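The following pair of complexes shares a single chain, chain A, combined with chain B in the former and chain C in the latter.
Presenting the complex of A and B:
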């Protein structure tokens, strides 16, 4: 936040942009009058939930909209070029040279059948008018600059030979290779692990500061915004409802939507477990005309005027604008309305003292030294079979009514643990005891439902399979289950595609609860959901835990949510648990260097704290799962690595009464 | 790669053996045998039995089978039962003709179908439906036309009305121009359906690829639509096209029977039909084994091409 643009040259000026999608079922007005300026070297973050039009807006800036999207009106000025009316051939001279673009999913954004060199060098040759040799040198220099080791070798590689983080670095190198003045980044880190995400964000920050390029950064992660942006624009229903300097917007949000979003994120620093604020309802259907303020139906501070007249963007402070009839948004009215709102913020009791609780509760789940190896054999008898040690000696216990959070980066074996718990995989070695039964809630509820089955049948199915109840008993049970997860009975006759993401996840939870399990294993249950909906699901899970006394195993890479919901946390790295203990203690005082690195990597939605924090990034990536590490699995990335770590494997040992860690030097 | 080649070689041996066995026994399920077919209505009774003895048809069927297998392994294809000509000679005459027709058909079809399909996909992607609908409908119609009908129409039009290509005559490789003129009509007839199928497959594959993220990336780098379509999209859509080419190639070697008949081409198809009609076990068996070997080899080549196009393909 210390960097301020050196001069006030405007690189991008957007005026009253309207982008519509002309679909068969109607005109989707994705972008509805967006205006803002971007100065040289300035980084603006555009935040909003899915469907808010943020990506459509970003893609409009360089006219990369897919059919049937079309810019209907408005002006887009990129360094003196009128993008909206430029002929295609002229536009192609700007794309890739004046404007660089970084996309969301590095796994799919690079051409899979072309070498990096073939994708990177020709654009450089074209835009900078250099020979192939010079182009190659430039490309290699950029690959080195974005932190790719062995650029000369990597440039000959195919994308599939690289990890996601590496591919995103290649993407960034491609976007920057022709010295653009504007970089458009559409959720550039969403598909990456936290430690890699932190690396990429730092990289983008450094590179924009060095080159003086401006950047428009689309994201739904408010923590990233705090870490990264000078300016924030909050989009809702195709409009920028709030726009201002990042520090101001986070310290004093003025629009009720921004205020709601910021309150719906669990607070890492706050030890007490408050109920998460949730924004009720759904975003409006963008095909229908919107009368008044689009947020009115979900707003706690709604007034009569909101329903008839749309608020203009009005001045709320230096460079800070909000579109709301209430000058301070929620603050004044929210207090009176809190009581009436079902989603009121309640001070929950502090979780009971774990030591005392341990004595009262019995274990419902126990895993003893579980191993799961996947073996890939070749047809040639003389070659050695390759073994992936997905889970490598994991012992975990869950007590009745307790929530165990399992965190770790992709490939650490956390999902395999979930599958083992449910008996979907046989462990190679070790034992699992479950007192009762276990059920599962998946990440993507839509793909875990049969699309041809009605909601009633989906929830009833486990009861039918179980075969212990009559038809009427089952119908009663289904009805009570849906009301338990906060859905109306009218949903029972619908199909999964008629439900929103949050509603589907509620159905998934109802299905998991149908057989009264003692443990529910939830594998990334909130990562496919938007922030405001995520808060609803997290609240629901907490309620169910309290009401039913069910134990949860909550697997996620979203550390803030894990911390919020879990009593205990197990941190996994390469198939092993490296740290285990009460959630609060792990967050406040991590013992293992890997846990520390993970926690440092999570951005918190507070620009002041982010600026003050010194981010010590973990370097490198996960080592190959095919090679079993002789010493500590984390040795290759550990900042505190010593010789002993490379030769002797640290075992998970008791550190204090409740905490265990697998590090030689934990203190 | 080595493991893969070994695996495929093993597959080749196993599937060929399966085909040989199946063909040997099914052929003998057909009522009437080669001796009866050869003899026609003239020879009956003892004379016919003697003929059977001469042809080795009186031995136990298992013994015949083993003899046949051994002959195959030692590459002795023998002579046709009915005419006594060496089978290897017949094959070496017919095969080049059929192969040329197949190759020419595939080449012609690819040249026309791929750009057409890519064009249709591009238009569909842009929402300009008219041209796409036109191409798709034309392809569907062409696919519906049976080759005996198109064969006759082409014969009438190109040969009788315009006099461009001969309708019949010697097929020899001596003069390339005459040869090409001679096979032009069959190639065109066969191409009609091939073009229709390939264009449709290309359209589907390219259309799918066009909405991929890396296509947007290519556009974001400033490449023109044409370059994006032909350099990025088509290369990524190539796998299904190669698959269909492989399959077509196989079926062209078998399916030319009707066309060969219409245009009196002495290819493999004619050879097979004659063999079946005269219950010439030896010839039919050998031909079918030959087809099988060819089919499996084409599949192998297809898979190797996959690897060339898409480095991600695991062999």
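Presenting the complex of A and C:
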């Protein structure tokens, strides 16, 4: 699998790495023989779902494994240093100076009681052997380079005084400040909002290109990979099942798992909606011995040999390797066996047939000028209470059988809208009308179940509290609900912690359907799930929508999924709807500058398109929600801002027959 | 960093969890619980069947055998009136256990009701309950028990009432904080969206999820109540002689410590064992509920 560099230098060489976690319940074989090389200046992305061993592999490279984890065998060569056998004291010289690390959550990886200067300067002094004064100058210079305004002031700040994006910039500055040859980034943008994520990714890209550092980037977001990486490694069950140049892997994936993953993501360019490809089943238990190929049970192209013998990694193109017995992975026929989706409601609405257009006119849900303010009182009695304007005049309508997608960054008020719809919060002002009832599918299905109740009781609960029917009728209803969401009845006797994430979300959907609601509000229903499972849930929601004629309100920051599933989209910014209209039209021709910025920030899983795209990022961060903006809420970040925007607030007005936007200069 | 790593360890693919099946978690007896039961069960058995043992009754005096060394006939020796210390200790343990478990049980019941009401409904009712609780909590519980005993009088049931009154506020406060943290869980929101009544939410979602942490506190409270009862009796405020209680046996014996150390020491050791085993039990329950707390 390794290949010799001709004239470029190898910064990292990993050979047959095995990392195990010795837990109470057995040995978890997290990494099972991983080998790859990384050249100078090269950016490799490691993708895989949770539990695939990608983080354990990355942390093994600098021996930062948490307690029960141990490197069992293998060689790790970082610029000539054998990391696996080095004593701890030698290792500390490598960490920071040769290898920089950026972690997922900048809040927990920066010490909250130390100033940035105290965390940044000592490592610089030690590794570069400079005085405190020089160290400080170097640290300030790096803070400036990662785009922190007023580096001289910020270096005196504590981490909690900064936003998440700023903290991640500080982490990056720390990782780069000792001129490392290799940077290991473990999901560095997962905790951040999309527009901030795009800024950080661009920053990492520019800085690694500038300094010539190599980078190992762990992520589960295939879009980011396409935007960022030279090389991709796909991990499954502790092994690199596919490794190759990003463009090749995306254009011609060879392993069925990679092929499945790429096809389970809605296509951004394709206007027609095809059913998403779904990978059945779930990953294997890493404590049990794996016979044959670990993916065999979920693979559509499985053969007899897959069940007995594990495939070796073999050559599939220039620098492109995959571990699969089938030469090209899945059969094309398997991949293309997709069903066309029914027409979108928006198109039907424009149809000349008056009867059909009429039937679609009934609104199931109507929100009129809803406001929700939260008053946050300080524990100090003499300080003034602050008001957060979470929702600031939102009016929305949902027709029968329609799916409304609500998108926006965290803090834009989209989840508050969901809670208002369900009556979990009382609006400060405005009215909500629901024809029928609204039910909810929560983001994290596990926390939405009482851990002491069995699945049967969980699904039955809505029926019981609403005093519906007899015990036997309820049992029948529960059984039919479970089969409707594609679960076996044997699950009914289990507890929530005995189910996988995807199965839990199915149960949550069954519970939401129990009372035959007219609207189902789904708040980020796929974001807590693994990539391979997301498609299953999205497909299920689409099926239910068609079968039952229920309206959905689909809240998410995953724009590709929102576009795929929604008829209409409302884009929210700081508690206001800034753009509203049919999904396809908004994606193809965004009117509001914020929508445009949001769409540009979203990486698409296609390296060719990503390379061709000119990425203009919005600068800056969300303004404070405590201060009510006088003019347009987006004025502080808008590239097209004019004087009028700062003084006069644009209202949501009709732009065309189906579209509305809140911008003075929409054209 | 540790966060991401933990995540890796916790979810190595999907597998059936081996720890803490809800509802069954208490059945998984761990090491600490085993130690606790190893001490508690024999004491319980000895106490329950003390009348079948070949021992003289706890009140039976024998002036020809005063202050005798521990022997086969009198394993814990005899006291200044020739009463068998083991026999007295065993009936003292009966009193102790009765006090310990009734206090724990009554306090838990009051704690569940008042704490749930305070935490769930909030506002006025919460303020009313909590201000009384805070006043009670301002006194050291032993002093409070002494004060209450002087009001309600001495004897077994007054002692139980006094210790319970001194203990209940802590239970209310604990239950209230548990309810407050549970109230914002997503499954409470889920129940509210299907228009479940507040009574239903309390009964099905809130109280069942507070029982486990309450059990931890209850077993500590039992140990504490046993010590308070012993202290009260030692001070002459609890169980009145000649009726035996571990506290008043120790008090009887303390004058003769130099001549007959066993009179005070033996019941003292028994108190130690009971308190220790209850603490182990409490630790064991907590570990069974939260396996991560072990390391």
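In this text, the second predicted complex is superposed on the first by the 623 of 667 C-alpha atoms of A that agree within 3 Å, B and C clash if a C-alpha of one lies under 4 Å from a C-alpha of the other, contacts with A are read in each partner's own complex, and residues count from 1 in each chain.
Keep this in mind: a residue touches a chain if its C-beta (ideal position, glycine included) is under 8 Å from a C-beta of that chain, and two chains touch if they have at least 3 such contacts.
Remember, predicted model here, so these are calculated numbers, not experimental data.
Peer 1: Of the two partner chains, chain B (first) and chain C (second), which one does A:94 touch, if any: first, second, both, or neither?
Peer 2: first
Peer 1: Let me test your reading of the model: by the given contact rule, A:25 touches which partner, first (chain B), second (chain C), both or neither?
Peer 2: second
Peer 1: May I ask you to decide whether A:66 touches chain B, chain C, both, or neither, giving the answer as first, second, both or neither?
Peer 2: So A:66 meets both chain B and chain C here.
Peer 1: Applying the touch criterion given at the start, work out whether A:108 contacts chain B, chain C, both or neither, answering first, second, both or neither.
Peer 2: both
Peer 1: Given the touch rule stated above, what does A:656 touch, chain B (first), chain C (second), both, or neither?
Peer 2: A:656: touches no partner chain.
Peer 1: So in the superposed three-chain picture, is A:126 touching just chain B, just chain C, both, or none of them (first/second/both/neither)?
Peer 2: first
Peer 1: Compare chain B and chain C by how many residues of chain A each one touches, and report the one with more.
Peer 2: Higher number of touched chain A residues: C.
Peer 1: With the two complexes superposed on chain A, say which partner A:160 touches: chain B (first), chain C (second), both, or neither.
Peer 2: first
Peer 1: Going by the contact rule set out at the top, does A:174 touch chain B (first), chain C (second), both, or neither?
Peer 2: first
Peer 1: Please indicate which partner A:449 is in contact with in the superposed arrangement: first for chain B, second for chain C, both, or neither.
Peer 2: In the superposition, A:449 touches chain C alone.
Peer 1: Under the contact rule defined above, give the chain A residues that sit at the interface with chain B and also at the interface with chain C.
Peer 2: After superposing on chain A, chain A residues 64, 66-68, 101, 103-105, 108-109 contact both chain B and chain C.
Peer 1: In the complex of these two chains, what residues of chain B are touching chain A?
Peer 2: For this pair, the touching residues of chain B are 2-3, 6-7, 125-127, 211-214, 216-225, 232, 235-236, 309-312.
Peer 1: Can you check the complex and tell me which residues of chain A touch chain B?
Peer 2: On the chain A side, the touching residues are 62, 64, 66-68, 88-89, 92-97, 100-101, 103-105, 108-114, 119, 123, 126-127, 158, 160, 171, 174-175, 378-380, 383.
Peer 1: For chain C, which residues are in contact with chain A within the complex?
Peer 2: 1-9, 11-23, 185-187, 189-197, 200, 204-205, 208-209, 295
Peer 1: Considering the complex alone, what residue numbers of chain A touch chain C?
Peer 2: 21, 23, 25, 28, 30, 50-51, 53, 55-56, 59, 64-69, 101, 103-105, 108-109, 186-187, 237, 282-287, 419, 422-424, 438-440, 442, 444, 447-453, 461-462, 465-466, 495, 497-498, 500-501, 511, 514-515
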